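Shared between the two complexes below is chain A, which has chain B as its partner in the first and chain C in the second.
Right after this comes the complex of A and B.
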């Protein structure tokens, strides 16, 4: 294939997208480094070091937790004769449909020291208070975040276990290694690039996480920014903290992108055959219990609690009235607001991703790669930071957009466009350029080719990207809370407000609906993958 | 083929990943129980149809605490569409400052006076004296009618009667720094308006150093700081903590839920600072898009009907003379009250925030 010169139209379109993405980033850095030295000094003397310690500790703990859980679950469901593993594969991924803050709400209600359902039941049975693990603080936050983020690592390592060349392990066995020696000395090291990338993704997730840590009273950078925003009449401290947080996240994102680049070259195409299953023998039952335990904690218990609460709410007329009518807003309007804002964000994100992906895939060079990487910076900008920069930016430059729901949509697009870009790039990568070349040879213009050949063929990939943006926008909270105009509520906002006031019954139907609406596109995405068919 | 699966799953995970399910904190100030269905107050009132259109309210009172009043208002003015944004006082104050050139809100409601006083000084509000507001005590009306007081509340200590015996009860907020309560106390954190106002008042009464020492004492005593007082009262009610520093009505709300809790009105002794109290207030935003509806709403808030709702449903002290207190609420006349100069405290509010930041109050 002869090298094509870059189409100027495409380059301009991609450049505009990159410019759009750059807004919050540049704005935050200007504000952060333009803040007076006094704010910096005050923060450096007091908060920053503790926040940094807290944040990094949580990131390390959750990342390790998800690695252990994800890899062990993947090994059990892919490499052993564990009974029920086909169903388990599905159930181990589904926690992705449950926002971690909803999981946090459920566990807080169940396990809150002395006040929770379980401590109270135990106290009634035994007549005295019995020790129960607390969901609050560092350990609680680490536990709950691990429960709802391990599926990233699980999906990745599951696929890696499946595709790993059997001969590697056979060789190790031939040279006298036991099953477990092989696992630790050969298999896991071979999976390392994928696992490291997964771990870094979890790390980015935890850096941006707000709801769960706020709920469980563990202070990190994201929560401190929110406290600053609602604590005093000046935004320089929040900007300073945001600047540091984004710098931290960009470092992580940078290593993730590097690893992602390397991971592409670790595939082994030829002579693949499935590795033989490890027979668990007498360990079958304990292993089964272990998997059941993980699934119960991350999927069955939260969903069951939400179902029970929802039923209770529907039986209680007072809760029911509030659910269906808070002020002038009805339940239908929350659902509709959630659907249209997330749907529109998905559509825009996919449209914006196209020029970037086309440029990066069809004209690979330094410039196009840079644009593509740069547009993925949204991963590294937590929702609270995007909201902060948009509030300031939109009010000053686009006042007619200020306090409209469209600002929320813009925030969703900025934050979640990386997903659309990766989906579009992967779809384009699988489409041979020869089809497009044939179309051009037959006299179609480049635009005609795009609409008549390329787009129809990559449509499933685009839908997948859109679904991802949709799911993640649906559960987005900090930006929605900060940017929503008066009277504009989404399901996520209602769950948060109601649960924040301790009205769990009222929050439950909205939370359950949120989980169900997320589960549908998620299963669509999983069905595209061979192992879930 | 299989390695393709791997690639595509890899990408899937990459794409799902980092789409953090991050969320925001419950920064709402004051919260209360689910308001009981609106009482008959509104149905007796004549329906007023002439005021129509939207009314945008920024409220530092949390949604459950303002919604019953809004519902009653809407029953009286069915043609007004109320759009509510509830948050912390300073978060909404930030928004108002940001929106000066592009005003969105009509009415601002706060849970303490320093924020409205401070914003009034920055020209955020327009002058309006609601109907009947001339009956309110002078100290609860802003200069040039820039803001109007609504209700009063006292800062008290709530305790769990199952866990604390009568003879060991604290009598002063300074007892909260006593190591014997280490890890047993809950309070609201630095984003809470009532807590900010308490610190501002203490700075004025006691000076910077003593207030700083008190805050450091609380932190050293491992006080747990929540986003709002609902968490505090529920935690004390459940026995998670022995003591809580709250506004007085949280005691009544928790008692109404059936908890065995008690209330202490602190610092009544000779040489102590007296009971700290504060007031909620409302103001109309300068060049508010819907001034007529905003004025009607403020009129309603200080009317006997509106004041009754605050007193009955949330156990607050109404400012309008002649409106009865809810049963069990002890009248403020019986206590020695700390005397705070609102105007001065508002001017010093920035120094209060600096202090909060300096001690690292969560």
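Right after this comes the complex of A and C.
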């Protein structure tokens, strides 16, 4: 790549975005490592090692779980003659529209050791209590989080399976490898960088997860910080814990960014042709059942339960009035709050991502690469930590913003902008620079070129990035809970509060609507891929 | 009149040891087509981009119609230079129709005027009926011609073409380049044409400039470049030359396959190399000859033979297609030329 001299305007704009992104990071590290030694010692002696163990255990378990589930589902739907694989491709991705804590709520209501639906039904039938697996604790949390995060890995590995050269596997076959030897000795190793990058993104997601682990009473760094912030209100302890969590997350993000660079070689080449399908033979039916099992657990059961509860809620006049009228607020205002805060965050994130992506793609050098990577640090800062740093920062420097919904929007932008940056970069990467150069030689300035050529052509990519930010902001729970001004309720907040109080029927319509609103942009995203059309 | 003047142009990219363009100077007159040719990485595209204003030179001066557009303290951006460029990948705007693509460079003109110019341009390249189509609905050759029409439409002082035919199929390429050359000539356009294909350069250029590693090796008419190469590199790059070793003797150059009757201004017994092509060598079957047929290649109209001299030197020679000689036969090869050959002292 030839390095052009960087445009100063662009560099300044990207630098400002980087400064904005630096706020929570710098604040957390100042507070964490500036905390008095007493806080550190107290935490080191009591909490930290337990929390670290819990957190890492969950991260490792869920990451492995999603890898196994995601890759095997992708292999079955992309590379075998599995019946119904076209529909399965859609259904295997759709759990992305269900926030994990909503899945957790459903399974908790179904399987709770005392008072869960299934244990009760079984007790009525058999006249005595029957053992059922509990969704609480480590195993429950690992199970639920795997169910609702494996689609990330599924999407990445599906794309990787599709883009891999058929000749690579054919070469292995000519050297005497069987189908399965080829899969494990050639195909999967070749896809490794891409899969590892996907797994690390899942790991970051789990580090940041609050709702599910709090619900299922499994303590991790995120939930401990949340308790310190909301209950005990010990900002010093929260800062120390956040400092450790963010350091851990940055290490993971750093490896992920390094792997991103290596993942290139799986890209499609011009003489690409699809690999022949593996015939499952007598394994067709078991494989079909396996995929059906995954889809039932992650999509059909939660959605069906939410639908049944919603119907019950609408039939019950008391819960109906509560849904549509809690205090002075109605259902409409939750929906509206969710939509505008997430929509605004998506818009700002896309706008901010533009200078960063333009700089990184059009002027590749050390400086621009650093800016681009640094601006993705939001991946490594969990919602609770963003909330903590914004509470501290806004209180001190921008008091007029304190306790306004705009702080929430800022939190969404900080946390989810990396997705917009990646989408913008990939859109720009697919746009030949010669188009912009042609526009210059035909008499347009660089700014006119941006508006008349670059932006119209990368618009679909920008929309995709915006959709991702929108979906993830919509379900963002901890930052919203901690930063919201009194009376500012979103769908996610209402679902959480009602379910926490045990009013599942009331929570169901809001949860169902949240899922539906997320499913729309998600299907837009999927339709961009040829395979989902 | 001189349209383009390039003086001592230098450009080095960050992180690269070597200059991409190293002290290149040349001039181009009105209506002339200059074909810049060289192997990949020789700096030909960078030279083009420097002239277009898409790169900033480290030093040197570029003048267009006697106006300085790039110098020590001057840098006119591409949009103000008035050059038209045809890109390797055509760079047609996919969100605009053929008509809108051609009209893109005509901003500020009256609508009626734009319509006339675009109509003329599309007529010129024979694509008038496609004006409402989008680029993706065109064939490679059609896209190529739209790109040319778009570059010509604003009536630029200079047209730059960066390997414009390289994305076309081989059989289409010959057809398109004839068409393009006649369009350029009919418009009396001044053109810098970059290619890595010697054949294309010889065909397209009124003059040729051969570049290697950022240096301008030679500039001249196609005949000069082909038959009177300045450097061994040019001889090697422009035509499939073999280099026959020899020694200067009174009255010519003594080689392994006989005396070349060509006087050179070098001291007696200087070791030299003669650039010699397959059409400069003849041979006959001769059991006590000086070389061996190693391989025969059928080339349609003729046969090309690879000969190995007793010293191990490899030479190539033609015979017409009716005569087929067996591989392994011993032959006598000799120089048979009616023009002077290029000689390099070692």
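By our rule, the second predicted complex is superposed on the first by the 522 of 533 C-alpha atoms of A that agree within 3 Å, B and C clash if a C-alpha of one lies under 4 Å from a C-alpha of the other, contacts with A are read in each partner's own complex, and residues count from 1 in each chain.
As a convention for this text, a contact is a pair of C-beta atoms (placed from the backbone, for glycine too) under 8 Å apart; a residue touches a chain by one contact, two chains touch by 3 or more.
Computed from a predicted model, the values in this text were never measured in an experiment.
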{"item": "Superposition on chain A - do chain B and chain C clash or fit", "value": "fit"}
{"item": "First (chain B), second (chain C), both or neither touched by A:58", "value": "neither"}
{"item": "First (chain B), second (chain C), both or neither touched by A:198", "value": "first"}
{"item": "Partner chain(s) touched by A:432 [first = chain B, second = chain C, both, neither]", "value": "second"}
{"item": "First (chain B), second (chain C), both or neither touched by A:141", "value": "neither"}
{"item": "Chain touching more of chain A, residue-wise (chain B, chain C)", "value": "B"}
{"item": "Partner chain in contact with A:318 - chain B first, chain C second, else both or neither", "value": "first"}
{"item": "Centroid geometry (CA): angle chain B/chain A/chain C, rounded to a multiple of 10 degrees", "value": "160"}
{"item": "Smallest distance from any CA atom of chain C to any CA atom of chain B, in Å, after fitting", "value": "15"}
{"item": "Chain C - residues contacting chain A, complex", "value": "13-15, 52-56, 77-81, 83-85, 87-89, 91, 93-95, 104-105, 107, 150-151, 154, 160"}
{"item": "Residue ranges of chain A in contact with chain B within the complex", "value": "42, 46-47, 50, 96, 99-101, 112-115, 148, 152-153, 155-156, 158-160, 162-163, 194, 197-198, 201-202, 204-212, 214-215, 217, 219, 222-223, 226-227, 229-235, 237, 253, 260, 263-264, 267-269, 272, 318-319, 321-322, 326-328, 379-380, 382-384, 391-392, 395, 399, 402-403, 415-416, 418-419, 422-423, 426, 464-465, 468, 471-472, 475-478, 480-482, 484-487, 492, 496-497, 500-503, 506, 525, 528-531"}
{"item": "Parts of chain B lying in touch with chain A, wherever the complex brings them together", "value": "1-3, 5-28, 31, 34, 37, 56-58, 62-64, 67, 70-71, 74, 81-88, 90-91, 93-95, 97-99, 101-102, 104-105, 118, 189-191, 196, 224, 226-228, 230-231, 234-235, 237-240, 349-350, 353-354, 356-358, 360, 362"}
{"item": "Chain C contact footprint on chain A (complex, rising order)", "value": "2-5, 365, 432, 434-435, 437-446, 453, 456-457"}
